[in-house]
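Accompanying notes for the structure given below.
To keep things simple, chains are lettered A, B, C and D as they appear, and every chain counts its residues starting from 1.
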Amino acid sequence: MTLPKPFLSDNAAAVHPRLWEAMRKADEPDNPYDGDALSAELDARFTALFGRECAALWVATGTAANCLALATMCAPHGGVVCHREAHIEVDEGGAPGFFLHGAKLMLVDDGFGSEGAKLTPESIAALIDPIRNDVHQVQPHAVAITQASEYGRSYRPDELAALGDFAKARRLGLHMDGARFANAAAFLGGSPEDAARSASGPVDSLAFGFIKNGGMGAETVVLFDPEAARQVRYRRKRAGHLQCKGRYLAAQILAMLDDGLWLANAAHANAAAQEVAAGCGDRLLHPVEANELFVRLTPAEREALRAQDFAFYDWGTDSARFVTAWNTRAEDASALGKAIAAL
Amino acid sequence: MTLPKPFLSDNAAAVHPRLWEAMRKADEPDNPYDGDALSAELDARFTALFGRECAALWVATGTAANCLALATMCAPHGGVVCHREAHIEVDEGGAPGFFLHGAKLMLVDDGFGSEGAKLTPESIAALIDPIRNDVHQVQPHAVAITQASEYGRSYRPDELAALGDFAKARRLGLHMDGARFANAAAFLGGSPEDAARSASGPVDSLAFGFIKNGGMGAETVVLFDPEAARQVRYRRKRAGHLQCKGRYLAAQILAMLDDGLWLANAAHANAAAQEVAAGCGDRLLHPVEANELFVRLTPAEREALRAQDFAFYDWGTDSARFVTAWNTRAEDASALGKAIAAL
Amino acid sequence: MTLPKPFLSDNAAAVHPRLWEAMRKADEPDNPYDGDALSAELDARFTALFGRECAALWVATGTAANCLALATMCAPHGGVVCHREAHIEVDEGGAPGFFLHGAKLMLVDDGFGSEGAKLTPESIAALIDPIRNDVHQVQPHAVAITQASEYGRSYRPDELAALGDFAKARRLGLHMDGARFANAAAFLGGSPEDAARSASGPVDSLAFGFIKNGGMGAETVVLFDPEAARQVRYRRKRAGHLQCKGRYLAAQILAMLDDGLWLANAAHANAAAQEVAAGCGDRLLHPVEANELFVRLTPAEREALRAQDFAFYDWGTDSARFVTAWNTRAEDASALGKAIAAL
Amino acid sequence: MTLPKPFLSDNAAAVHPRLWEAMRKADEPDNPYDGDALSAELDARFTALFGRECAALWVATGTAANCLALATMCAPHGGVVCHREAHIEVDEGGAPGFFLHGAKLMLVDDGFGSEGAKLTPESIAALIDPIRNDVHQVQPHAVAITQASEYGRSYRPDELAALGDFAKARRLGLHMDGARFANAAAFLGGSPEDAARSASGPVDSLAFGFIKNGGMGAETVVLFDPEAARQVRYRRKRAGHLQCKGRYLAAQILAMLDDGLWLANAAHANAAAQEVAAGCGDRLLHPVEANELFVRLTPAEREALRAQDFAFYDWGTDSARFVTAWNTRAEDASALGKAIAAL
């Protein structure tokens, strides 16, 4: 019997052994409930990583991480500008409506030189300028971008800088959904610190994802504004996201930061994606910059791949999505690339 | 050097070894994201335990468990009757206001034959009858009780039945905060099934706590109403509480249910509490029925205990709270009882 | 000097003299605060008008009327299907997000045989069927239609019946935004009762607008479901919309119903719109069925009309919107029609 | 037949003739929808009245006025300190929970030198200091006081100054519910400007009530902070409180300000209350400083008064509440005073 070759999603992969180890070590408590020694390390560790003063709080999901951060920059009567296909709009079950108390997601389409669900100052301006100061219209308070984007594209440092300038000029908060931040950072390269800095740019907050990258149940909200950090400590509790044994989440995150495990895991997944991409030729709907591939494939072709034990999701009627992970076997990626090339 | 003797809180205790084992086994995924095989077992397992059809969903915290359940029975314009010292009122950072969209907690005091933060039909009626149908007043939609109560008291089956009848007659939902449900069940006795049934009574929903009882980060919302269960699946996602690797939470819960571990752990904690109680005499502010003790102790007496390495919280100015856990050492409990008796 | 000829909006027109009279008569109070004799008449009067048991509650604005009704049929975690250009989506400052606690507006485009911002069962199904039971997606709880539509189109009785059947089959609430309900009813014809019935169809609730039709500050939420009516009484208070001198609002509404004033006013406005339409030929972007006209006009042509003292809004870059009202002077309407024809 | 002598509530009194006149004059619109000329006058008129830059927006109810103002100073995760018997807590159907998205009302009792439902810095500190920076506890963001208080007591300028200093030191917003602000101002005396200033003190916002004082349906939110004013313009629309014919509300308010009608009306009501008080002797539960009297009266005594056609509410079991209004007949007030004295 052949082993299945999983390319369904990075969010189902096993937990990395170094995280298991770290969690077991956390069995001995220090001070409980948002006060343990491991959680207390986070601020300093992320400040060092980003080279910018920040607060770092664990939460159990990316949805919570995004929404808690956004709630600090968008009042209930305001709006958050994001891409029409942003995860917060299409895949979080209305969580922004909940955490932001009915604030509106204001949707931008590709265009103005951008693609792959990335935003540009121009595309945002085209949406918000015509309604400026119209009391019948929800006004924007913040912008949310996704790094890597919903189509696996990475914002470059200069693109982030331009968005940061724009947001500042318009007095909008700038949040980054980094569910696959590590993959974007790995794509942009350098040491862990370099990668973190070039991939995060001048954002006000970042939902730094670890779960898709070998974690169990810990993401990090990184807040570069102290007042926002103060708020999130209370909002997290209020949202039922303050875990009394949070030390086990902190342990996961710290293990990820140790020796740049987060970047190594992502680099592995990215490399596997490139291996697959090598066989895709012009079937690729988007350049592959992280660990997701969107590939034009007929139903019959998809059927043929599944017959070879490749597991993946359909993407619309004529394409498929493949996702690699920290533990994707090199031989599986290589086999997939070849199988697609051979179709 | 003496080891510290921890009686601060059960919510900081280590994770039980059988849960670690079960989590490691869950490394191999089945279907990801609210669709794994372990999570899928929960409904049947809890239905068997309670002998009543129910749905059972994991969440990371008791706060989320309580609030998700309450949101199914109290509209935003309604109210939830609870005790003035109920955990949802005094210790959850306003979470009910968040999850219930501004619904009001309607506060009952002890009295009408009850004590120790327990409610009675009479005490509830005294609060809600005078405002009935007054459009200027928030109307009650639900009642929330805590089992064991905030002072470690256990509702008896007949008390629960009376509350159930009352709630039904008034068309109020009835929710049970069971952060220490296991301890109440252990106190009420019997097999796991017997204990579960006698401690839960005719409630519509139960936040069944495991974290204080040896878990890591998994509580269970148990819903005896199918429509409520349907809702909670969506509300959980919306609250950022649908973890993509939920199988690790399910694994913890299933391990707790296996061979009645949940009940055994609680029985151990309760026994340790009795051991302590034996030394407290009339210092006890409340009869000890679960794993919490509220003990009259002067500042000097508390100081003397701390000098003997007992760790615990002050409770107001003249008392202290001691909490035992699944892993409280018998010798520590015995030592504490004796130390108090010797004061 | 020429008088201005106002076609900006019906919502700025003067109050009808019979309403002033009725309000003055209401100076003598009966029982205050949601208990006066005039307000108490409303249920019976609307029940007679629609020939269906209903409750009728005044509120100060159409926004409040729509949102209070929708809140009874859509839980915070659900969605309301409406047209992409529905007033509740584009022009109410995010009010649905507020009143519905973050519920999502799910947007339908024209198509499937419909136009002018009207919905059809087919267009709704195309939106909601693909996401059915997907826990990551907000699920629809209700449908909101606008009668007359945002482009002045009227749903016919058979179209309403089809939507009613569809909503019932999918267990969705069906709400009608009737800011210009009177104009649609007048278009569909008959006695006040006939007109009300044919224009409202099998909806669960209706925001029956009077303000654009000669009222001062009173709309009516009509609820055909008694449980919804019970809820709205509380929700109205909670939203700060229970006016202690509500008898003045009831007086306006009752005066509107007396002798079918509401229908006569609307018929007048509609006739004026037809007068204008007569001069528009194929410049009309939408058939004129109520009291709004959307007319293709170049900037220069609009300039020319304004030079003749016609006041109106631009509609995009190449068109204009003209709205007639209960007090539009016949000569102004005729003059406008001729002026457009002469361009 | 004797005329009834109404002392039930000032909120049911007729509309003052000068307001009717002003409303009729407003029939001719200028720019509709939050842009009419009358509404545009408000900011300047209130700025002159208070001698402090402010924005002034009409809304239909005091509930909306209070909640819109409070929402600018208390985030959803925060709390508003108010008296346990504050109107916002006991009589607004949960409106603060709605407008403030679940923020918590934090309740203070009389004491620390205050009475009659007035707050003091000491009583607030006693509530909030013990929970400072506790992440499990909702933290205060604002303080709400009522002028005149729920028991008809007026804060003196020095008391207001002390509260202002306290709020500033603790970085809390300070809001004044002025449903009967005019009555307090009249009590404190002077010209309209003097009265307004001495009664409002250093608050950040004021819900300035006109409806109980001869208005029909217009209260005013006065905001001394420009950023709050900006917010309220949007929040008002979002709450369905932006009336398209708002000019009729502005007309009422402007007529009230003209020649100090607001103060004259209140002075009349206060004088009538004093007339009644003269007969009450030590039956008074609270000193009479505005237009409400709380009078110790047995059921039999109340019965006797009602037999003489006095209409009023019971207040608990042993007392009654009498309220005078702008149109209370002097002979009725005098008769009531005598009737009570004669009991």
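The rule we apply is simple: a contact is a pair of C-beta atoms (placed from the backbone, for glycine too) under 8 Å apart; a residue touches a chain by one contact, two chains touch by 3 or more.
Note that the structure is a prediction, hence the values are computed from the model and not measured.
Enquirer: Of the other chains, whose C-alpha centre is the longest way from the centre of subunit D?
Expert: A
Enquirer: Count the C-beta pairs in contact for C-D and for A-C, then report the pair with the higher count.
Expert: C-D
Enquirer: In angstrom, rounded to a whole number, how far apart do the mean CA points of subunit B and subunit C lie?
Expert: About 50 Å, centre to centre.
Enquirer: Counting in whole Å, what is the centre-to-centre distance of subunit C and subunit D, each centre being its mean C-alpha position?
Expert: Going by mean C-alpha positions, subunit C sits 34 Å from subunit D.
Enquirer: State, to the nearest whole Å, the distance from the C-alpha centre of subunit A to the C-alpha centre of subunit C.
Expert: 43
Enquirer: Could you check subunit C for residues that touch two or more other chains and list them?
Expert: 33, 76-77, 92-94, 97-98, 101, 135-136, 138, 234, 237-238, 242
Enquirer: Please name which positions on subunit D make contact with subunit B in the complex.
Expert: 76-77, 79, 90-94, 96-98, 100-104, 135-138
Enquirer: Give every residue of subunit C touching subunit B within the complex, in rising order.
Expert: 33-34, 75-78, 101, 135-136, 138-139, 231, 233-235, 237-238, 242
Enquirer: In the complex formed with subunit C, which residues of subunit D make contact?
Expert: My answer: residues 8-9, 11-15, 20, 23-24, 27-29, 31-33, 59-61, 63-65, 67, 92-95, 97-99, 211-212, 216-217, 234, 237-245, 248-249.
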